[in-house]
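First chain written, first letter: the chains are A, B, C and D, and each begins at residue 1.
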Amino acid sequence: MSSQTTTNKNEFAQENDLAQLIGEKEKSFIFQLRPGESFQSHMGVLPHDDIIGQKWGSRVKTHTNKVFTLLQPALDDLLRDIPRETQIMYPKDIGYVIMNMGVGPGKKIIEAGSGSGSLTTILAYLVGDQGHVFSYDNRNKNSLIAKSNLEKFGLDHRATFVTKDISAGFDHSGVDIVFLDIPETHLYIAQARDALIPGGFFGSLVPTTNQVSDLITALKKNNFSYIEVSEIMHRYYKPSATRLRPVDRMVAHTGFLIFARRVTSISETDEI
Amino acid sequence: MSSQTTTNKNEFAQENDLAQLIGEKEKSFIFQLRPGESFQSHMGVLPHDDIIGQKWGSRVKTHTNKVFTLLQPALDDLLRDIPRETQIMYPKDIGYVIMNMGVGPGKKIIEAGSGSGSLTTILAYLVGDQGHVFSYDNRNKNSLIAKSNLEKFGLDHRATFVTKDISAGFDHSGVDIVFLDIPETHLYIAQARDALIPGGFFGSLVPTTNQVSDLITALKKNNFSYIEVSEIMHRYYKPSATRLRPVDRMVAHTGFLIFARRVTSISETDEI
Amino acid sequence: MSSQTTTNKNEFAQENDLAQLIGEKEKSFIFQLRPGESFQSHMGVLPHDDIIGQKWGSRVKTHTNKVFTLLQPALDDLLRDIPRETQIMYPKDIGYVIMNMGVGPGKKIIEAGSGSGSLTTILAYLVGDQGHVFSYDNRNKNSLIAKSNLEKFGLDHRATFVTKDISAGFDHSGVDIVFLDIPETHLYIAQARDALIPGGFFGSLVPTTNQVSDLITALKKNNFSYIEVSEIMHRYYKPSATRLRPVDRMVAHTGFLIFARRVTSISETDEI
Amino acid sequence: MSSQTTTNKNEFAQENDLAQLIGEKEKSFIFQLRPGESFQSHMGVLPHDDIIGQKWGSRVKTHTNKVFTLLQPALDDLLRDIPRETQIMYPKDIGYVIMNMGVGPGKKIIEAGSGSGSLTTILAYLVGDQGHVFSYDNRNKNSLIAKSNLEKFGLDHRATFVTKDISAGFDHSGVDIVFLDIPETHLYIAQARDALIPGGFFGSLVPTTNQVSDLITALKKNNFSYIEVSEIMHRYYKPSATRLRPVDRMVAHTGFLIFARRVTSISETDEI
């Protein structure tokens, strides 16, 4: 980094970038910039070609003169923008999953279920072009919705969607990370173990304490180690300098986070 | 991804990989595997060459026959392993920072202060080889410690350390993200604004409510938008299936997280 | 207590008792049992004389055959039943106030403001016939509403309502406890001090962090000691044995609780 | 209350009052004032007769000139001062128990176990001379410790201690409230039901989620209604006006609070 003052191509919206338009009442739209296409809403039309080349953070106008702020979406914003039919994970939980499981460039990850593809989106974003996400769901409808959401964000080349009942095992193995957000998680721990590399990371989010107990039992039975159970509470504040206080209501519970590591079992060690 | 059963080179420890050895009482050591070097502790010596080629998750032994489990460290583990002289950020907070600010492959990020380089490590890991972290601290000692920690993890080529009082501004500009974890954050908001691309992400962690108020005032004065203030509480459970319960004590507070976006000011818009 | 099997007159609803009727969808009504009066709702009419003499916990019917469960209300229920025009305190906070300030039989207490009389109700219940509550509000409307609520619960003889701006001080002094739940609490600390016996308990609930700071400053200036600041979070669970989990949403914030003791000032000590 | 300016006998320490002496480093001693007795500690001796008649809140000195502040203890302080061999309940939990179960003047209450008598102390204080607490424990040692603690606070006439295995039922019945803080609470729900008046309040504190599940099942089986499960988190702040922030560490968990009401069972109703 010889030059102190960098020219960041990121300063201007470019072809294939994800763009977020925020309008009145913080109404938000997120899409990939594709030459020839147009943003269309009840607040007017705006050709992508008129957005490409604009400075991020600047104001843009539709043909009906409605003003939007042009921004690059954060991961967080992607999540909020995903049309969902199923409960999605919250940023507070996903963030800790990333930290705890070492999600990052080059990682191979299995997740189930695909749901609306919200977690898939974040994982695909972070693994980069060297990594990959294998996303399983037992309902074809979910696989299709999730895939289309990743296409929208231009991340679909980093994800493979599989419609399958995972009782019989995953089609892919040798992955670094398996994350399960499905009912009765404890029934699929042997399958998760088979798919993981030795030392690989297992993670799950389950809503009830009974499921946590079941999952701990299944993890121990399948020779997982370093089991960690926790929950995260996230409280927003009203951003007022002179009347600073938490908001009135908050999310009380999303789920319990359980993590473990696949360690070589004693029998496997004995073979050596 | 044509092949269903992947051969993942990640299955075996390789030269330059980060390795984590976990021994008795969960005592943990993290280092980069370098041919010719040796792991040395009071529990014995183990040449890196004897580790390279082993399966992740397997057991390895020192010359005194002490057994360690060989794992790839998670981000979380890296943080815990960093020798620290200063307070470091917790995974619960860093995870949400990643989610909220869009940290990921290719991003250019300024952080201050460097501290022990713990946040720098995570950011450098996630931005990949296309991104970069510019890490500022006003104490040269901190810059050196932080740099040496990134070297240890093999991530130093993704970070530039600058020892400087940032009152006069940052040396780098056009970055996507500025994150400040320093005393009196509110004094450096104009500098942060100058360093950010339009639409760029500002974030900070401050310990007191008074600082939150000061920071909100400074952000509004400097024309930042979409200000968000929150705090995250993370509670661990004892991982027992039959006696599941939260642990007795927890961290009550690390800091308040404040985020905002640099939006083009009205005057800048007027120029257009 | 010679007899092991006690006959508890409390087993049957009696004249002047507070009664709670809980009907379909847990709709609840609380009133004092007075011979000759009737409970009237859209679910039918039920003379108090038909309730008096019934066992607590039994089912009773209105003239339209609607069934209600007859219970003695808890303090908690009283709070929920109070018609309110203002924000009322939550049981989680009141309970801790009771514990922290030594509210109990025989205590003399000043509170401001009266609001709807919800805290007044709890305090009057707990101080018994030997104690008393002096309840101040600067709006006559509030004093009247609060008084009528205490009458409804048969507790009005233990409370005196005063409509007054307390800037000029309270009319009563020598009390054991002063509790303030009013705007700009910090402006009335000298007045609270004058009203308290030496060693007396001061308490307050304030919503913003700025008010906490102002209040701490005022308490120190007025020679209060043993200042304690805290907040209480209360999370409910879905009461399911097989799917136990916290509810989805919760109250994120009611207020910060501040307590202090009036200690003899150095100058007062010097006089001795 | 004709007189506006009250003379509160509470202003001065009197014979039989509970007194709290707070010395250096907030070291605290609580005892009942008894003529002829003396307070003795390593910080010196002070005859009770020299304390009786002093103003609450004033400074008093031992024979070695060590200064203490003379205060009336709050309930909270009593708890902290109880010599304990067992885990005791926290004010945050007791306060909510009081609110939720209608603890107050005149109530008859069964509790098990007695432990060190800490909850017994609070209950005995609040039920006044018209109420009573029946406190059960299966270890005679606990009964004796608890009794001696209530004697110290002058509250022993309001409590009866019973050493007994409660499997066979309680010796007392017709009580308004039963509170259980014992292992395997769910095994004693029929016994609790038999002891309660119709409509009576059941409450319990249990540490694990498994016990919560067991307890919910037992309560439903024994025809209890209005089951409520919750937990309370209490976070202290550093009381600094200019650097206001939560403390670093807090209690993460004491127990889950479960409440229910004894409602007349359908069979009992049928008899009518």
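One rule holds in what follows: a residue touches a chain if its C-beta (ideal position, glycine included) is under 8 Å from a C-beta of that chain, and two chains touch if they have at least 3 such contacts.
From a predicted model like this one, the values you see are computed outputs, not experimental measurements.
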Fraction-based call for chain D against chain C, same above half, different below: same
Chain pair, B-C or B-D, that carries the greater number of C-beta contacts: B-D
Chain centre separation (chain B, chain D; CA means) in Å: 46
Chain C and chain D: spacing of chain centres that average the CA atoms, whole Å: 19
Junction residues of chain D - those touching two or more other chains: 209-210, 212-213, 235-236, 242, 244
Residues of chain C defined as touching chain B within the complex: 209-210, 212-213
Residue ranges of chain A in contact with chain B within the complex: 1, 4-8, 10-11, 22, 26, 55-59, 69-76, 79, 91-92, 94-102, 104-105, 108, 122, 125-126, 128-129, 132, 134, 160, 171-176, 197-201, 209, 212-214, 216-217, 220, 225-242, 244, 256, 258, 261-264, 268-269, 272
Interface residues, chain C side, partner chain A - complex: 207-210, 235-236, 242-253
